[in-house]
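The following pair of complexes shares a single chain, subunit A, combined with subunit B in the former and subunit C in the latter.
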Partner chain A sequence: MSEDAPLLVMRGIVKEFPGVRALDGVDLEVRAGEVHCLLGQNGAGKSTLIKILAGAQLPDKGTITLGGAQVRAANPTAAIRLGISTIYQELDLVDGLSAADNIFLGHEKASLGFTRRAESNRAARELLDRLGHGEIRPGGEVGRLSPAGKQVVSMARALSHDARLIIMDEPSAALSHDEVGNLFRIIRELTAQGVAVVYISHRLEEIREIGDRVTVLKDGRTAAVGLPAKDTPTSQIVSLMTGRNVEYVFPPRRTEPPGAEVLKVTDLVVPGVVSGVSFSVRAGEIVGLAGLVGSGRSEIVEAIYGARRASGRILLDGHAVRPGSTSRAVRLGMGLAPEERKAQALLLDQSVARNITLGGLERFSRFGWIDRRRELAEARTLAETLDIRPGDVRRPIKTLSGGNQQKAVLARWLVNGRKLLLLDEPTRGVDVGARAELYAVIRRLADEGIGVLLVSSEVPEVLGLADRVLVIREGAVVHEAAARDLDEHQVLDLVMATSTGGFR
Partner chain B sequence: MTAGTVDERVADTGRLRRMLIRPELGAVVGAIVVFAFFASQSATFRSVDGVANWLDPASTLGIMAVAVALLMIGGEFNLSAGVLTGTTGLILVTLATRFGWNVWAAMLAGLAVALLVGFLNGLIVVRTRLPSFIVTLGTFLMLQGINLGVTKALTGTVQVSGLRRADGFESARAVLADSVTIGGTGFRVAILWWIAVTVLATWVLMRTRAGNWIFAVGGDDRAARAVGVPAERTKILLFMTTAGAAWLVGSILALRFTSVQANAGLGQEFIYIIAAVIGGCLLTGGYGSAVGAAIGAVIFGMADKGIVFAGWDADWFKFFLGAMLLLATLANRLVRRYAEEVRH
Partner chain C sequence: MKEATPVPPVEEREVKPRARSAGAVRLGRISEARHVGLVLAIVLLALVGLVTRPENFATTSNLVSILTLASTIGVITVGMTFVIIGGGIDLSVGAVMALASVWATTLATQSYGPVVMAVCAILVGTGAGLVSGFLIAYGRLVPFIATLAMLVAARGLAQRMSDRNSQLIPSDNALVELSTTRVLGVPLLVYIFALVVVIGWLVLNRTTFGRRTYAVGGNPEAARLAGIDVRRHTMLLYALSGLCCGIAAIIIMARTTSGASTHGDLYELDAIAAVIIGGTLLTGGRGSIIGAILGLLVFTLITNLFILNGLDTADQLIAKGLIIIVAVLLQRRSLETRT
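For the complex of A and B:
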């Protein structure tokens, strides 16, 4: 292979999931010995692209060329054989096996089927030492390691293959500052040996430090290929990430001032995650929390709902919410549309009607018998109000699209009048087209006098839908302003800067 | 994530602690308690003859329990294993007595059928992704029907017998179903087979690639596949291993009694699982040990014979077994919880 021919070329990669086109013609070019950074907002298609490279998913269209030859990684083993190692963000280690066994799982050091334990322990020891973590015992069970320790074992596993290309999906997320320095040292060693690294991170200053070139993804397409990582202006990168092809349509904000205070949070502390957050939500107002995954925004919502132990004062309409008691939160008039909709909010095999009335079954029951006719009638009315489609509420809810499922979750809380709705990533898995309807529903709920607390990783959504925005970073509110006084650049700047001094 | 993640790494748990958190701890303690209990009740129980006596049921059960434990560590169940011991025994006796086959040839035929059943069980499980509980419940019932139907069609009764007169019986019996005299006491050869199977299984689990794969597919199937573990092959081979063990036990019992009932092995499938669970296997897979399952079988053997030695009503045996299962699993859980706390 000649020096300047790229090691990896991906052309026109398309991947569709039911209802969503995750990748819509992505191009990527990675040279041997470079750190190639992949940037993009949540939902831009980074994870899907990685999964295709790692052989976990097959592209619908497009070509992948590695080292000059067209390849097809039909499964993870094939990708590993091609020399592509992946360090996933969600760690995939087997807890019951030792560190050494995990590192060499699938390519054990063995002769005639027998593992050469001493040799694999020694090799694991070398890899861990090289990563600067000599204190991790190769024979120790992985289940007993901290997340950072597991990250190191994952990394050692990637190194144990003689990889030509290593993909690192937010490797620094679980690491402390010193450990990130260590990681960068390893990356430099690898690239010096000609290994290419695809590096994914939300932290721009890391990309400045370790990256050579940057590819920006946006809405499943490549927005820019191979920009120099060191000297492309931040403003250019951010505008490449944010400029959209799809325009969101947001309902108009209400003009009259919001009503009385519904929720008052004072000095909320979740140990290790949230450090002293105070804010309030008024009736008829939508307050947005903007922040990255891991910034503490979901924990704030869970603490308010009573699903997580926390200290501080949480008042709903003047009544204290007891930490750890979700049923009290519900009695006081809170409703939650959780992030993991399918797992935490829906009975997938049950009808739409049953999913809607679930929160208020006592209203339709007498002496323990449920009045089906009244239940159905009420569900129909709500389905009509929120325009849930298809309109037949007796269908199993799993047959509905994501957007309509989410409407059913919202309808549930309307069965017995709520004062405050907590929405965690309400448009996750919802088609871009269907989002506008959901936004309109949320706005209408607010107009009826409900306070809404909205969490979203998508900055435009927070800015477009909320009246007021709190920017959360590392467990603290770093900025608060009316949504109309903020723009996407400002907010992205704020959420991505780190406490070590920003990236300007 | 806040900066400065607390530096909690592998705690050096110390030799004693590491020994205590082995999966078979509950079974070892249980075995000691049960032995002490019956030994205090009956002098015969603690004599060498007594030991040889209760090791006998432990051995045939133990061969199966060890194989089933491997499968459970790999994250699957096999409910058809008990009936399969009957099927292989019936094949052996039928071919040798009705069709004049040499006993060794008839045993080979039984092995082929057993491995085929195991292969099909495994193939259906990995291809359809149906729970193995359901798949093997299906094969369990089908085999039960075949055992009874074919036996009745051939003999008009519900058993086949007369293996003693078949060619090669003596040599086969010597290898699988005889006794060896050690210090004046006759021990069943099956005990040696049981020890061999346990040693082999432990070796595979602890010292071979396949052992790593078994823990990996049972512990986290998705992660195992992602790093290139041949998960499907591993699981199919595990089903074939339990089937192979069923053939071994079926042959041992057929040679010992020279006749086989059509309902042989029925109801044993849960006993195997119980022994494996007492031995520290988790129903969820990814954890357990072969030695533990073997000790679980010892507890079973001691209870089975001990109740008789102590002069009690044998009807109480099942009650005893149930209590043992609950206590041993509770002990195992405490151990696991303790092991998890050590990490903090």
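For the complex of A and C:
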């Protein structure tokens, strides 16, 4: 295949989900033998695009051409048959099976239903050797391998399909520096053999090192196609990623100075993730933590809430938080709106009212006996205050939209009055219109004297909503400033710059 | 479920007609329908009884014997409902009840009189439940395994303590009067059963403990992050189940005037089956005590009908097995219409 005839062409790809247009006419062109990097902020549409390529989702509009012929990958198996293999961020391996079994899962070497173990082990051996990992035993259990080892097995699986195009979704996220070097060596070998690689990473430095060309996505559209990875200036890439069409509406910041210190964190260490972080939050103040996924920001929040073992001092209003005890954190006056709303916050089958009152049942009960009339009245009042719609608090919460579910989670913590609210990605899965409402609610809570610690991977959100911003990179605070003194470029630069060695 | 989500009264302010949630109403209707199904099954079985055995079935003595028969497992079923809604399972109930009955009827315990015997049964049951609960909540054992081990060990301990003998209680012991004394023609132990059901229902539906049980079973992570001490709660659920086994031991001692290591064999299966027929989700987070008790009554009625008609117990087991399958299939359909 010549250099100029692209292996893969995607044109005008559109994908809509209820309430969101995730992809709005995306183009992508990948040549055989190149490493094509896909860049974009969270929510720009990268994952959706990959899923479409991998056959996990069907596009609503648009065409995909592979090797000159128009194709339609209706399901993952079809995509694999076309020669497209995907290595997902969360490795999709079966821990209890051997490396060889994982590599050939779904296309086992077998006759009459009996696996041919020796042959499959030999073939796995060859693939692992080719990847430079002869030390991984084909018969060994995958669950015992390190993350890097699992990555290699995943890659061997992709190779076992004779893939023409391999998609790698943040393959370096779980790897150490040396392991990343090895990953790059493998990628170079693959591309030398004519395989195309679509490489997704947040780390600009990696993209410069391994990438040939870059496509930038922004708000579901292609912001730039086929930029040279080595020579495009960082400032250009960052502005392509940030120049956005969607304008957020943020409530005005408060003018009076914040009150007394509510939360004081000193030398917080979460082994392997957070390396000694200190900061404080004052009453009425919104402090934003800006950082990439995996930078340690969620771990900081979980440690403060007592949901994760950590060392260091965490004081709420002068009282020490005990690691591992969320009930103590709640008694002291904290509340958490966790990252995964459905999995970590909601009782989906239960009513809105019961979801709201779950964290503060003591308020309406005497000796454990719940006064249900008062409970319902309180839930109604809070639903009205936060404008939860529809207003019937006896509906099952799963019938509400994401934004209204999130308001119910916030309402949960207003039952007993909180001193500190921890909000981890509060607008995830909330559509653009409803975000403004949530922002207003959060600002109002702060104005009522609650300290707020806000985590978000969307830089504009942190800058627009917070009073003060801490930039987190690789488990440490790399910058701290008033939100009004920062702009998106600066923060993105800080967030993405790769540290030279240092903590990992 | 019915008691969990009552159909809204018409006191809504400013709620748009559409918002008067078709979902909530349908939810209420289906959960009612589920209990209605069980009530219908009971009525149907009663009709069968009236037709096939008109002379014996509807007699006071037969009805009382049905309730007496149901009371032992009934008390255990209440505890089991809590455990299963809380996302666990307790296989040890029958064995723990046997152990409690044996411990309460040793010569040494008997010498202290009926009150100490009753207290002893309750303490042994609760203690065994606490041990299982501790292992599950803090030792992170899978409930199935921890309570299976408790089943085997408690049964063994009961055999060791009793030397595999039935330990008789003299008929002048006040415990026996629970079975012989009748109020309004019904033995006292049936009132104990009824009391346990009422208290269990109140605790499950009107207290923070009950509310948290649903939360812990439905989404343990959400419960933990909402500030609930999930481990402690889990342990208490098994202690509660053990307490119910202790009470059941008192009932069976009164009924059989004995404590024996053979008491309560396979009660765990009947109790779990009753809970499931009653609409409680085996994965936790959803369920009802009323349903479980109705489910148990269905089972007891079947047993009674088979005995009255002199039918083979083998067929009785087949019938019960079929009922479990049909009940669960119906449940799944109602769940699917809900979501």
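Structure notes:
Keep in mind that, in the parts below, the second predicted complex is superposed on the first by the 488 of 504 C-alpha atoms of A that agree within 3 Å, B and C clash if a C-alpha of one lies under 4 Å from a C-alpha of the other, contacts with A are read in each partner's own complex, and residues count from 1 in each chain.
Note that a contact is a pair of C-beta atoms (placed from the backbone, for glycine too) under 8 Å apart; a residue touches a chain by one contact, two chains touch by 3 or more.
None of these values were measured; they are calculated from a predicted model.
In the superposition on chain A, A:G276 makes contact with neither subunit B nor subunit C. When the shared chain is aligned, subunit C comes close enough to touch A:L336, but subunit B does not. Using the contact criterion defined above for the overlaid structures, shared-chain residue A:G181 touches neither subunit B nor subunit C, since it reaches no partner.
In the superposed model, A:A173 makes contact with subunit B only, not with subunit C.
By the touch criterion defined above, A:G417 reaches neither subunit B nor subunit C. Contacts of A:T399 after superposition on the shared chain: subunit C is touched, whereas subunit B is not.
After overlaying the two complexes on the shared chain, residue contacts for A:L346 are found with subunit C alone; subunit B is out of touch.
With both complexes placed on chain A, subunit A has more residues touched by B than by the other of subunit B and subunit C. Legend: residue contacts after superposition of the two complexes on their common chain; A:G140 is shown touching subunit B, with no touch to subunit C. Shared interface residues of subunit A, touching subunit B in one complex and subunit C in the other, do not exist.
On subunit A, the positions that touch subunit C within their shared complex are 305, 307, 325-327, 329-331, 336, 338, 343-351, 354, 358-359, 361-362, 365, 368-370, 372, 390-392, 394-396, 398-399, 412. Partner subunit A is touched in their complex by these residues of subunit C: 4-5, 8, 12, 14-16, 19-21, 23-24, 27, 206-209, 211-212, 214-215, 218-219, 221-229, 285-286, 339.
Against subunit A, the residues of subunit B that register as touching in their complex are 1-12, 207-213, 215-216, 219-220, 222-229, 286-287, 339-340, 342-343. The touching residues of subunit A, counted against subunit B in their complex, run 54, 56, 75-77, 80, 88, 92-97, 99, 101, 104-108, 110, 113-115, 117, 133, 135-137, 140-141, 143-149, 157, 173-177, 179, 272-273, 294, 474-475, 499.
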